[in-house]
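You will see chain A twice below: alongside chain B first, and alongside chain C after that.
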Partner chain A sequence: MSVKTLKMDGKDLSAREGDTILQVAEENNIYIPTLCHLDGLADVGACRLCVVEIKGRRGFQPACSTVIEEGMEVVTNSETLQKYRRLILELLFVEGNHVCAVCVSNRHCDLQDLAVKVGMNYTRLAYRAPVRDMDLSHERFGFDGNRCVLCTRCVRVCDEIEGAHTWDVRGRGIEASVITDLDQPWGESLTCTSCGKCVQVCPTGALFQKGKSAAEMVKQATFVTYLKSMRESKK
Partner chain B sequence: MESHELDELAARERTRQGDYHHQIGVCVGSGCASSRSPQIRAALEAEAKKHGHACRVKGVGCMGLCGAGPMVSVDDDEVLYQHVSESDATRIYAGLEKGEPVEDLVIANDTPFFTKQVRVVRRNAGKIDPDRIEDYIAEGGYSALRKALTEMTPEEVIDEVRTSGLRGRGGAGYPTGLKWSTVSKMKSPQKYVICNGDEGDPGAFMDRSVMESDPHLILEGMAIAGYAIGATQGYIYVRAEYPLAIERLKNAIKQARKYELLGENIFGTDFDFSIEIRLGAGAFVCGEETALIASIEGKRGSPRPRPPYPAESGLWGKPTLINNVETFANITAIIEKGSAWFSSIGTEKSTGTKIFALSGKITNIGLIEVPMGISLGEIIYDIGGGIPDGHEFKAVQTGGPSGGCIPAVHLEVSVDYESLKALGSIMGSGGMIVMDDTASMVEVAHYFMEFSKSESCGKCIPCRVGTAQMYDLLALIISGEATSADLQLLEDLCEMVRDTSLCGLGQSAPNPVLSTLRYFREEYEALLVDAKPVEAK
Partner chain C sequence: MITMATVWLDGCSGCHMSILDMDEYLIEIFKRATLVYSPLVDHKDFPEMVDLTLVEGAVSSTDDLAKIKKVRQHTKTLVALGDCAVTGNVPGMRSMFPVSAVMERAYVENADINPGAPTQKIPPLIARVRPVHQIVPVDLVVPGCPPSAKTIAYVLDRLIAGEPVDSAEIARFG
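Here is the complex of A and B:
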């Protein structure tokens, strides 16, 4: 394994070859906001919250899926980036129907935490207030489309870790949504193993355990890296 | 097929064609076919039968002036007829016998629309029967592939393409030779060539026409690319909305296989190459290369972050060369006539020709092929014939929903990659939508944003929600209820969506807004509730 050196926010850092900008930042206590990223799952670079500036490259690159290079100079938190991240969060909050006070994930929600950290406390954008369905057909879990941010963590954990591929995405653009099987009720899914991994990795209250009231849904997503390392050590 | 058989076949076909007294070409492109050109062809064939088959009636590809269709040509383009109907067949034959064209149908072929064009990619369009490989071979078809395979090394082919200066015709203008050279350097037992025929910009039909008019030109270009980069398998990704192009390509592949111009040991060399067709299912985003590749793999057509670029990890993780239809269609001419000849056309940095689809408020609606560096004014006024109905030219949208508008003050701009970019638009794939003084530029931006919004795949947030919010803000401005704060918000969204979106669709979706704001800001401001009063002059 070879080592690379790079500059991040003016600091000289060394890192392992093949590491992503996000991995190096986390190792060095540099905060980059993320949402679709989850340790142990394949990165899709979809939420764009982790975009950073790289000297000499056009535009902005996602830290989660950009591999470091020797001599790279990265800026993780410029004024422009702060402005953009805030606006991206605003887009998310007006896209669905996020009402924290009545949400099972209140105070345990990645979206809420991001808003606090990025300082997004109001929005200039018009709320879209979409009419979205809930799916409570599964006996242990529920899905509330109003709170879904389409990060596809559920899709990936179900496919990559559980191997069931129950979840997927239908539709396009603003009409896109996650579905189970071929858009059938979750409770009637023939592929779902009821393992509950999707619930644990969901960053908001979109996927939850039944029987939880407001603010009671506490999730534990670290099992993904644990399972992955156990499986890799068996190989 | 062996090398010498190609010449024999060409000679045989030329003799066969020479036996006819006249050749009548009927455009069987989508445009003319939709106004009954197949029936006209049948009527002319029936007439030919009566006259003892001294005339050959053939279906030909697009002649360019789509607005004048259905078009019929006599002996290449010696006489061109416009707006032909079935009942004109008898008159056309009578004219042939007398040696006098049917006057009320004739369209002059010495107007700037025809004389100012330089036809490289479209050299066979309107001349050969796209359903007959023999027609293509008689015009020198497949000799460029033979030259590449028997006289050139793959490195020499790449060198020729590189020095020609050819750049990607899909819109971004990436140097084609550099792309080929990158893929050729990748070490992999399996590589792929993909032809991107998922043309989807509103008002753009260049690639459709090339596929319909001269399908073998694309197959030959792809085979040469396969030889150059070391690939044996090619895919053409065509949108399903182009049934005629698909049919022609399928037929062309079948014929090329029959003559062993595709398949194994082409021209007796050890080069094998096959081509298959894959159909798009109506998603504009599948024109983006990573989404297109996902779609061929049978997955949901959404883009992924690059790097890795397809050249490194493309179709099924293998090094993949992906070029646009028009790019591949330029290859045979470069191999045949050489890079020096090619780069003598156009400007220093934008060589060769470009096909544009002229539509909107312009007299000559259709397809044109012009040398790069021609001025926009020449395209609009000389070739395009100007603006009809006594109106004034206002702006032209190039690059469709990813491009921008160019206003009248910039009519002298040289049409090349850099110059259009400097004006805030892009070359794009070649759509040119002309607008006259009746157009509202805010509504133009609104129209294109509606397109981007409905074609966004929904994967990344800036594009998914950003396009929807921008669309709503534009609608609010048009309704006359927006404030200057709303306009500011629109501009903030434009910047953010442009800079942070995952793929080209999102990154370029704000362009129509940004460019109309750049040149026609007063139209936006006039619609605001708190509009500044216009100062009295």
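Here is the complex of A and C:
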């Protein structure tokens, strides 16, 4: 494994070949906001919150899925990036129906925390107020499409870690949503093992455990990192 | 001494409860500000000009619309206080349905006696619930459901002293 050198926010850093910009940033205590990324799951660059600027390249690149190169010069935080990250959050908030006050994940929500970190305290865009489905057919878990940001963490954990692939995405663009099996009720799914991994990795209140109050619905997503590293080292 | 007002649009009055929750600190506030209009005091008409107005609640009815436009005209610094004023929040959850369906649900389906929407005294609902800043310019947003008494005290201290406030640092949704 060879070593690459690069510059991040003016600092000279060295990193392993094949690492992503996000991995290098985290190792060097440089904060880049993320939402769809979760250590242990394959990155898809769905949310675009982790976009960074790379000298000599047009536009913006997602830090989670851009691999470092020798001599790369990365800017992880600039006025332009702050502006776009704020706008992305505004778009996420107006796209669904995110009503923190009545959400079971209130105060344990990645989306809500990101609004604070990015300083998004109101949206300049009109709320869409879409009509979205709920699925409460599963015995232990519930799905509320109003709170889904389509990060696809549930899809990936179910496929990559549990190996069941119960979750997937249906539709395109604004019409897209996550589904269980062939868009059948979750409770009737033949593939779901009821392991609850999807619930634990969901960054918002879209997936939740039934019967839990907002104070109790604290999710633990770090098991994914643990399982992945144990499997890779075959322990 | 500055003049101060509070206004209650479509909200649960929780933000006003949070104002009251400042307890004895209200005395400190009112050494520097006079409350000239509020659901908590008895003045019936919004004064000619107010230095600082806090608005609780979303804009949901024709009455809210008229009220907030009048308040904006007669206020120097307008603060959207709480999630309903800033995002629409719980009152905004009816925006996904047509007004006729909302009225049907409230006054017919859920009625035990005399089913039927009121035809007088109640101001008509507007098609979609809107945050205050999408109707009139707002000088500061303070999210929270409700914002804590501590947050409100901080905001009032700064505004009364004429200092800038960045609520992104102290307040959050929910």
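By our rule, the second predicted complex is superposed on the first by the 233 of 235 C-alpha atoms of A that agree within 3 Å, B and C clash if a C-alpha of one lies under 4 Å from a C-alpha of the other, contacts with A are read in each partner's own complex, and residues count from 1 in each chain.
Keep this in mind: contacts are C-beta pairs under 8 Å (C-beta built on N, C-alpha and C of every residue); 3 or more make two chains touch, one makes a residue touch a chain.
Here the structure is a predicted model, which means the values were calculated and not measured.
Asker: Classify the contacts of A:M134 with the two partner chains as first (chain B alone), second (chain C alone), both, or neither.
Answerer: After superposition on chain A, A:M134 lies in contact with neither partner.
Asker: Answer with first, second, both or neither: which of chain B and chain C does A:N121 touch in the superposed model?
Answerer: It touches chain C, and chain B stays clear.
Asker: On the A-aligned overlay, A:V218 touches which partner chain: chain B = first, chain C = second, or both, or neither?
Answerer: neither
Asker: Please indicate which partner A:N97 is in contact with in the superposed arrangement: first for chain B, second for chain C, both, or neither.
Answerer: Touch status of A:N97: second partner only.
Asker: Tell me which partner A:L182 touches in the superposition: chain B (first), chain C (second), both or neither.
Answerer: The answer is neither, since A:L182 touches no partner chain.
Asker: Would you mind checking which one, chain B or chain C, touches more residues on chain A?
Answerer: Between chain B and chain C, the winner on chain A residue contacts is B.
Asker: Counting only touches as set out at the top, which of chain B and chain C does A:L190 meet: first, second, both, neither?
Answerer: Neither partner.
Asker: Would you mind listing the overlap between the chain B footprint and the chain C footprint on chain A?
Answerer: After superposing on chain A, chain A residues 126 contact both chain B and chain C.
Asker: Which residues, counting only chain B, touch chain A once they are in their complex?
Answerer: These residues of chain B touch chain A: 283, 285, 300, 304-305, 307, 453-462, 464-469, 472, 485, 489, 492-493, 496, 499-502, 507.
Asker: What does chain C use to touch chain A in their complex?
Answerer: 80, 83, 86-90, 92-93, 95-97, 128, 130-131, 133-134, 141, 143, 145, 166-169, 171-174
Asker: If you look only at chain A, which of its residues touch chain B in the complex?
Answerer: The touching residues are 43-49, 51, 59-62, 65-67, 80, 83-84, 87-88, 91-92, 94-95, 124-126, 128, 149-150, 168-169, 171-176.
Asker: Over in the complex, which chain A residues touch chain C? Could you list them?
Answerer: 93, 97-103, 106-107, 109, 112, 115-116, 119-123, 126-127, 129-131
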